[in-house]
Amino acid sequence: MSLIKTEDLKIYFRVRGSFTKKVRAVDGVSLNVNEKETLGIVGESGSGKTTLGKAILGLIKPYKGRVLYMNKDIWRMNRSEYKEFRRNAQMVFQDPHTSLNPRMTIAQILEEPIKEYNLNVGDIGEYLEKQLVNVGLGPEFLYRYPHELSGGQKQRVAILRAIILRPKLVVLDEPTSSLDVSVQAQILDLLKDLQKTYDLTYIFISHDISVVKYMSNRIAVMYLGKIVEIADSEELFEKPLHPYTQSLISSIPIPDPYIARKRHKIRLMGEPPSPINPPSGCRFHPRCPFTKDICTKQEPPMIEAEKNHYVACWLYYKK
Amino acid sequence: MIRDLIYVLLEKTIDLYIKIRTRFDKEYMIKNSSRIREWKLIAYAYSRSSIGVLGGLIVFITIILAVIGPLVAPQPYWVYPIMENPETRYLPPCIPPICSGRPLLGTDEWGRDLLSIILYGFRISFVISIVIVLLGAPIGIILGLISGYKGGLVDETIMRLTDIFISFPGLILAIAFASVLPQRIREVLEANIYLRDFFSYLFGLRPQEYGQLAALLSVWFAMVIVWWPGYARVVRGSVLSVREQPFIEAAKLLGLSTWKIMTRHILPNIISPVLVMMTFDLATATLAAAALSFLGLGPQEPVPELGYVISKAGNFFPEKSLHVVAIVGSVLLFIALGWNLLGDSLRDILDPKTRRSIEYRFERRRR
Amino acid sequence: MKKEFTDKHVLMVNNLTVKFYTYAGVVHAVSKVSFEVYKNEIVALVGETGSGKTVTTRAITRLIESPGRIEEGEILFRRRNNKIVDLMKISDEEIRRIRGDEIAYIFQDPTSALDPLYTIGEHIDETIKDHRFIDKKIIRKISIDLLRKVGIPNPEIRIKNYPHEMSGGMRQRSVISISLSNEPVLLIADEPTTNLDVTIQAQILDLLKELVKERGMSMILITHNLGIVAEVADRVYIMYAGKIVESGDVYKIFSRPLHPYTQMLLRAVPNPLKKIIKLETIPGTIPSLIDPPSGCRFHPRCPFTKDICTKQEPPMIEAEKNHYVACWLYK
């Protein structure tokens, strides 16, 4: 069952001081996320992945295209439908230090969603204490302020806040990037457990493709506002088709010196171009080692190169 | 030593408050343990701040005198002793045991006991400054919140409005008001006795002086109008930085209304600099009101507004009225100093950077 | 166990201890740390927050400011003229001369390392001018060559750019070129690629490797990313809570990690080339350095804690050739 779908979603931002120039953060993305799965979105800075995540949650209005929740356009819903969507679509942010209101206690932060949606949970204090255990925190954290908690603890609270309404969809935007390695592992495993317990659907956004692979069933690779490849996680790593994906994978530092130094590396030239003036044709062509003539002129369509493995690249286009 | 005393005093007050709240809600202390700790931390930080304690003491005295002043003044302000005895004009201070039989601080132009004048003056100056700030600040804060959070056209409109009001010379406005408003206000006060009595007693005056009261209120209006823009600007700036924070987006994701987000999430996070500003403003407002009265735009005799008293004494300065100018001037200095010291200390206490070191000293003290 | 400063050595740190005297108490940031750097190699200092890796490298050129204090330690350094000096003992004047010249730093955030009011050219020129007496025009030429060397296209034009006119990757390359401008003997790079995209990171790491090989430099690379260590380092030092717990040749450390902390660290990092069902987590948190645990600092989180671990600090022993560990499991 499709939970979230985007249809040719375009998010443009106006450039300050100019009426015509636009930052094309997301430029025509069509995605489908099914219930209970984890879709990973990988991209570097300027790829538009965070913007995409926020647009899926309805935090940013699309320039063109639609976002569909349970097959309904979220910008065309009536009040009750929207309330239902709002309750079911939550987010965990990257920086735990700024995602909790520093002037509210943990209890107040967690009570807010409960009170806003009038959840009947009995004694709120007791209920929250039980919930804290679910994310690995003791009841003593309930009446503390965020600054009294460590980064990992704050992130657990942020995760609890996101799931306390038992939403269907949780967008995770680099949830472990600010944390230490040892804490990161704890949080990732917590997220996996919660997903199983509460039948959650995740959209996991990160620039760290190793983490994305560990967490996701399917991965979408973004470059400069477009999706260049989507496939199952294992498949993507075993057989990356798009040259950007190949370079991305070969750029990841592998914690194994034998493999790291022996493997074939694909290095990209230059820097990612500006999302205000993307290159013509295929956006990746200036840095692609396999550029052909058509790549500079026409944007490649997304095609199913192998079973359930989609790529937007002229190399795989067969007429 | 004094520091510990102050801290213990404040701590006992907080504990008392907790006891009362716990009577009604058994869980109060547990639920608010962190918040209570915050209060005690602030109390501790305050007790360690010498300027804060000094400022607080001065403010405390100011408030006490402002409240009881008109009630304990030995001589009424509406009686002019020189009518009976011209010798009573501008008598210099007479401090026992060197001298006796004359008023302690001397007399003013009308032979009135200066001490009594000052006691009435405390009330007038204090009430003016408090109301200016307590009215002007909220107006500015709300406008600043809306402007900063909504952005776009609303932001532009409010900001341009702010620009206009800030550029407005308060003095000219006060002059303009002084020529028209007192008449109108007088009519309103004549028509509405309750209003007249309320404001009169508020300022410690007799209802008979409602004519001068009208002038006082007109100065007051003029000041409130030019007082709010400063807050709007400061608040808007703070809101702009806070609203980009993820916890605001999280609040939006909960579907909270704009009003709830502004009051529950944004406001508490920007209020500290505003509180400091308000404290400093109380000093500024006191002096500004005195200045306008000095220029004759405010109430005239017999209302003993401190600025006006000084201005009258200026005619005979320094031969006869040096003591009036010096003493009344010092009183104004005293009031303003109190608020300024308190504001300085508040700013240091509320600064998150100095917080850590204070926090550790606080914890060690507890053990 | 005092080692000898041989011909192959560039740097030898012995028993370095740095403490911070804060209002909260004394922070034992670095406790009796000893390590060495040979000629023409890349040494990685690995650790998480609070491991002391950054403080250690700052201490090398006495860049520790109050409330920090270098309590003890000997830092032997082979200068360009082959003379061996103890950096702890030389004058302030002399160490300032060495900084930026013979020992250069690259920091994590390129944006804060660059003054927004000066062009890149001015940055490099100034660094060279501070340490050498050369004609202005020649300095400019050296600067342009440096930019080209670090892979910045059109360096003659780019040299006039201000920091904000460049992307993150370019800024980091500029910072590298500034560090290289005086042909340092030792380059200390503190998390040089953490803020960069993965593809740019790979380029920068390749560049650093190349530069070390070409110029016969040595490099100390600080990172928490074990992948980077595997890609780039020749030898590794693992730090935990201000102490070195394991060190050795990179292949040996990764194939046979001895210290429990190293083992758990390796298992906590998702290796994308393997199928992982569950990541290993390290229970507990990094200890406070004001009151560090007694005995071995890792004992509260170690699954193999014995009685002696809580009482005595384990000494560093040579478990196999080129592989050292400080753990009671191996005595």
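Worth pointing out:
Note that the chains are named A, B and C in the order they appear, and that numbering of residues resets to 1 at the start of each chain.
Please note the rule applied: a residue touches a chain if its C-beta (ideal position, glycine included) is under 8 Å from a C-beta of that chain, and two chains touch if they have at least 3 such contacts.
This structure is a prediction, so every number in the text was calculated from the model and none was measured.
Centrality annotation: A (chain centre taken as mean Cα position, compared with the mean over all protein Cα atoms).
Among the other chains, B has the CA centre that is most remote from the centre of chain C. Of the two chain pairs examined here, A-C and B-C, the one linked by more C-beta pairs in contact is A-C.
Our note on geometry: chain A versus chain B, Cα centroid distance of 51 Å, whole angstroms.
One finds 33 Å separating the Cα centroids of chain A and chain C.
Centres computed as Cα averages put chain B at a distance of 56 Å from chain C. Residue ranges on chain C touching chain A, taken from their complex, read 48-49, 153, 167-170, 197-203, 205-206, 224-231, 250-251, 254-255, 264-266, 268-273, 275-276, 278-282, 285-286.
Listing the residues of chain C that touch chain B in their complex gives 23-24. Remark: chain A residues 54, 57, 59, 83, 86-87, 89-91, 93-95, 98-105, 107, 112-113, 116, 125, 143-145, 148, 158, 161 touch chain B in the complex. Note for the complex: chain B touches chain A at residues 27, 30-35, 38, 245-247, 249-256, 265, 268-269.
The touching residues of chain A, when paired with chain C in their complex, are 44-45, 150, 152, 180-186, 188-189, 192, 207-211, 213-214, 234, 237, 247-261, 265, 267-268, 270-272.
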